[in-house]
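The two complexes that follow have chain A in common; it is paired with chain B in the first and with chain C in the second.
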Partner chain A sequence: MSEKMDKKKVTPEDIRIGVYICDCGTNIAGHIDCSAVTSYAAKLPNVVYAKENLYTCSESGIAEIINGIKEHNLNRVVVASCSPRTHQPLFQSSCSQAGMNPYLFEMANIRDQCSWVHMQQREGGTEKAKDLVRMAAAKAAFLEPQKDIEASLVARTLVIGGGVAGLSAAEGLAGMGIEVILIEQESELGGLLRQIDTLGPEGDKASERVSGLIGALTARPNATIYTDSKMEEISGYIGNYDVTIRQEGKDQAIKEKVGCIVVATGALPLRPEGLFGYNGTNVITQIELEQRLKDKTCDAKDVVMIQCAGARSKEWQYCSRICCMIAVKNALIIKKQNPEANVHILYRDMQMYGTEKEKMLWEARGIGIRFDIYSADDPPDVKDGQVRFYQPLMGQTREIPSDLVVLSTPMVPREDAPELSQMMRVSIDQNNFFMEAHAKLRPLDFATDGIFVAGSARYPATVEEARSQGLGVASRVATILFKDKLVTSAIVAEINPETCVGCLGCQQMCPYEAITYNPELNVCEVNTILCKGCGCCASTCPSHSAQLRGFKPQQLLRQIRAV
Partner chain B sequence: MLDVGRHPNIELLAYSEVEKVDGQAGDFRVTVRRKARYVEEDKCTGCGACKEKCPTIVPDAFNEWLGERKAIYSWFAQGIPSTHTIDPAHCRQLNGKKCGVCKKGCKADAINFDQKERIVELNVAAIIVATGYDVFAPSRIPEYQYGKIANVVTAIEFERLLSASGPTGGHLDRPSDRAIEAEIEELEKKANRSQKVIAKFEEQHGEASGEFYARYEKGEYSGDEERGKWAEKYQEHLAIVEPLKALKKKAGGFTAAKRLAFIQCVGSRDFRFYPFCSGYCCMHSIKEAIIAHEHGSETTSAIFGMDIRAVGKGFEEYKVRGGNNSNIRYVRGRVAEITEGPNNNPVVIYEDTRERKVKDEEFDLVILATACAPNSGVKQLADLLDIEIDNFGFYKTSATQPLDTTRPGIFVCGCAHGPMDIPESVAQASSAAARAVQTVTASEQMRKAS
Partner chain C sequence: MSEGFEPKIVAFACNWCAYSAADLAGVSRFQYPPNMRIIRVMCSGRVNPNFILKAFESGADGVLVAG
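Moving on to the complex of A and B:
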């Protein structure tokens, strides 16, 4: 399509712009006069068609764009609606469906940046919407057609971490016919699950679950497993990563080429040094209790478990999701091993979400496990075989004997999570958990293409959740690697080698390490797959050699001058 | 949604039901009944001209029956596909009356009153069940008086009231106030009609009805049949206008709901109904309270719950922020009863367990966080697919294969599997896709080998 356009060399006189003004139901039309904006748009230079839609994103709105392009011979489309972040790809693909180059599309945000911020100012808001539409149309006239960037793909995946999430991801991928390389830093696979006794009061052994998962993976011919191994170096980008793996005790590093990476590095239970008199002997953590339950050496008569030991505090603000379930499960096991034992759980909120966990809570109450609420402002005091706490529902301070105190500590990110995140250029959140691209809609993706996350590396997860997420990640990877090539947006930076003096200013600014220096030509060059089109280089370049496609000075100046 | 609608590898069969499933993993034969829309899918552009013209008004299920739609409709504006549908229960034409205005108004010639349902046969390797859940019907809890007290609503009804494209345009109007406004509208129509009737008399006699009526009352026109009729009509008019005036005065004082109460575990964690925790309701109550506060900064909310289960990523922080910045008060306790106080204000009676006191408190609106109930059709579909149901009424899976139902090749994800929130549902959907692809891959390998 673009070739035809290129040959025709569209000059501003040939520009035919169609403008679509979206009501967004009442989101926009409720606060600004969309009809007035539409008739205004119709009179703008080069605009040959203007249309108001109830929802431009609805199927009928999309049909209007497609028909408009065909019937009015449009070669530019402007949609004035919501955010380009959510809707630009949709409108662009509609344009290409109608045979127009999608890069000749421009969007004006008259909702988030206009109607929503000027809810009580109908007149002013309407005028501002007109300004925004005029600016978009001015820029649209100077847009250039572009071609999507295509690159090859290596149909192999690296999975980092051999716990439940990593094993599930690897098995999922291998089962779909995608070659997998799994690396685990410990000498054995299984992750945290290896330290756990049973997964529920029914006696479902964690060790059996681990061997089941490992067995399923090793049975696959297209899975390679490296234990005692760590990723040492990584370079490249989606579809083409070069990874260096260092296996303990071996001199030669392993080099692998992969197309995608899955981060399933898990998390660790907090060691509560200095909290509630933790000593590892009679004040222990749940994970230490697991070992005693495994060895059947837990002979305590009066067990007190303290929930949120470290969690939901100033230092670790989050709720660790799974510790209430672990406490109730272990309390039930203690009672099973020794029905005479008294088990007391001191809690703030019992987080037994869902079906099975809540059922476990009722079972625990039914067999005489005591639950007492405590107040976060006045936490329990552990001293000399006694636990003293204020029970706000009784309005009393109570003292209970205990020969074993078990602290339910939160899962905390691994210490090397920040380092790993830097190495792969993916985000971590304020708690150092890996951060997904979208909390609701893209829970397993990173904002960085080609890298995914599953299990407790993202956020504490139960065994079942980690398994689900691991399998889920496998299909996220498959959406990329099942294709025979990679296609990405053409909105990237370009550096003019004629004017570039190789000062490296752009390279220092680039957050994606997409710019390299070519010493032979003494110029900087852009890797178009790594480039995310942020424009940092373009705004830095002293000689204006670096420019961002779709945001070139001429295009932006037209837009600004239209204000 | 639109991505699914546009994806080249996805064929959407909306408004359809599965009738029969034969075969096995790798080779299922599925019989699907495509219900008659009375609108040709390949012709309809979703422009909505038909529904503009349709004379039949029907309560709108998408808006929880708080708003109205026409007998020809699309489920909601952004719905996929945008193909409209005629509701055969309400369409005049389909019920033997003379109408057909939608057909006349349709430029695409898509309306087809003779369309019949069709049976489609599909051959697939794997099946994913993602049938979701039902909102628990809170009228089953007598002490909360849902359905009796107008200003006790469900969370999903509240969502529609909060929504900019909902029946109130996002204005938090209380149902009792909306009912009075509807009554005013009705009375105004009546008043206009009766006004026209007495206007004729006034014109005829050259006198205002009020003045005439004062003399008539004194007995001035006894025996005058014509004037007797006038007096009668004027009396009827007054019987409309006076209550209308009173109602209008009352409605003048209506404001958006400002004092909100959210009641948790309505039907959940309750052995009379569902013993399980629905998992997501604590968060949606907090979210709704925060959004209501964004709508009006003087809005205050009390969330009544046993435990506040903010267990997802960032949820605890969100809960704390709601308390600090959005006038949310978390009350630990289960609400015993809701009664109605003055001005249709619901009164919540509860024990504040932290203060160990039984209290009653008046609110403008009470929102019930209803349980995630298994689908009403769960048993029927389970029989049809030959899969089992667990003790809670959801499709049964195993701990080792959390997406697999009891029949190979059939997978389940989302709330059909058990209560869960959006990120978990999305992650599960991807996992179910992975399991389905594994099934396809395995069956292809088998085929190649044989």
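Moving on to the complex of A and C:
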């Protein structure tokens, strides 16, 4: 509240640190002596104000930070509380609100990494908390103000794949007013859904669902659809991707600029060549059965379905998750069309998740569909007109007549999934399905910013799941593209062109390909949007030209020395 | 009873894995001795060998780089 409010260059003597020690109710104060930590903090170099709060993240705690900055003319704030991973953004925004640059904020983790792990060691825990606060304050004194990085955004999205997931994502986005380009490698939209008869025992016709989805998308003026097309090249980064699309039979490649990309390339049912006497006539797959149900050419009297045909095997180790439901659905359809038919399902484990699917299973048992378990070590033997299998529960081998054997084969990833994953620099798992950034926290995002995944490209999904994932992805994309510009953290690398000699050491170390070599100036340069701020370049650079903002040597060394 | 040796350990922990794991240890209330001082880095790749030497020079008895 004085002349000192004038903006003048901060020199080390002008550093005014405010330290806030959070009790977190009893979470911290119950196990360590917070008032001792506060009075200790008040005596640290450059600390002009120290305050203990009951809850620093509460409204009153935030007000104390804001008032503290104003009243005590603070130019650095340290909060000793929980984890910066959860609370740093909140406290940083409070600093901004009070007019302090948010990058001059530092945290000391005295809850998750102190009071909670030293619950019976009050003395040792209190000493550790003091050390952590001292280290944070030492670093804070050397922090530098930064500006968030802003970049332009192209408010258009590329959706790869025209199945349920892709169509749902595209329609959702187009409906929100975002321009969409959808590419499909087949000549028709609809994906696997086109080969399916009905979506449930009494469910909608799949063909109606397909035409509904396609109709909804094609009615949108802001949706462009390219069939018989594949993505050929991609470059750029979130907000500004350049893609090249090749349409079959056309010489001219299509170039598009998009801000985000949705991968909805789906998966394929395995063709079980050499398994259980598969022949495509009286030993067929579920998807071939769908075609017969569609054409009304299924008149079998003794149907045996074999689950996990190819799945949970050496080659395909995973459970394909949806085949049990498909088998029960089709068994119900056959049995309802012809109550005289004998339908037998041989399984290893039934996976009927969700209450509706569970009900379907009980209905199937109720109307006389037989379920028998088989062991993976002794799989059923399909012979002409009969299936022999060992019943482990009864300890005997049985033979059942069959005029149709239906194999429930797993969904397998598309062959070009690895190629596509390399092209876009997104992960695939050990089975070649695309892999999300985090199974629970970011289930529709890739680790690469601006690229998303939906449907069976990630893992076998039902129609409902593919649809909700597609719509979910549309929301995720909207959170980015509805903004005027892309704003990202300033905690990225910078390379001093004055001292860089262009040795390329940093470029080889960078895991994100964010560093490029500029031959004209003979220096390396950082793309601040691609940079994720790991700092590998900084620890490699022999001339210390590459630096990670907020984690510069002088900042970290101060923290280390304060140990 | 003589007081045992209590080492001071400096840990450099990657923000995305080891530091999160240390948070998780807290959330799970796993108990361990209060001898460690964690320094958060955005990647264990940020840890220059010089930092490790500086930690020893500043009185650390042990250094842990986790990431």
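By our rule, the second predicted complex is superposed on the first by the 420 of 563 C-alpha atoms of A that agree within 3 Å, B and C clash if a C-alpha of one lies under 4 Å from a C-alpha of the other, contacts with A are read in each partner's own complex, and residues count from 1 in each chain.
Here, a contact is a pair of C-beta atoms (placed from the backbone, for glycine too) under 8 Å apart; a residue touches a chain by one contact, two chains touch by 3 or more.
Because the structure is a prediction, the values reported are computed rather than measured.
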Of the partners chain B and chain C, which touch A:S468 in the superposed model: first, second, both, neither? first
Is A:G25 touching the first partner chain B, the second partner chain C, both, or neither of them? first
Considering only the touch criterion stated at the top, classify A:Y55 as touching first (chain B), second (chain C), both, or neither. first
What is the contact status of A:D112 with respect to chain B (first) and chain C (second): first, second, both, or neither? second
In the overlay, answer first, second, both or neither for which of chain B and chain C A:F551 touches. second
Could you say whether A:E288 touches chain B, chain C, both of them, or neither, answering first, second, both or neither? neither
Touch test for A:D372: chain B only (first), chain C only (second), both, or neither? neither
Kindly classify A:M350 by the partners it touches after superposition: chain B alone (first), chain C alone (second), both, or neither? first
Starting from the residues of chain A touching chain B, keep only those that also touch chain C in the other complex, and list them. none
So in the complex, which bits of chain A are touching chain B? 25-27, 30, 54-55, 57-60, 62-63, 90, 93, 172, 175-177, 199-200, 204, 209, 212, 312, 317-319, 321, 349-355, 357-359, 362, 392-395, 429, 433, 439-444, 458-459, 463-465, 467-476, 478
Touching residues (chain side chain B, partner chain A) in the complex: 2-3, 5-6, 45-48, 77-82, 164-165, 169-170, 269, 275-277, 279, 307-317, 320, 353-354, 356, 390-392, 394, 399-400, 402-403, 418-420, 422-424, 426-431, 433-435, 437-438, 441-442
Once bound in the complex, which stretches of chain A touch chain C? 83-86, 109, 111-114, 116-121, 124-125, 127-128, 131-132, 135, 491, 509, 511, 532-536, 538-539, 548, 551, 553, 556-557, 559-563
Please output the residues of chain C touching chain A within their complex, sorted ascending. 8, 10, 15, 19-20, 22-23, 25-27, 29-43, 45-48, 50-51, 54-55, 58-60
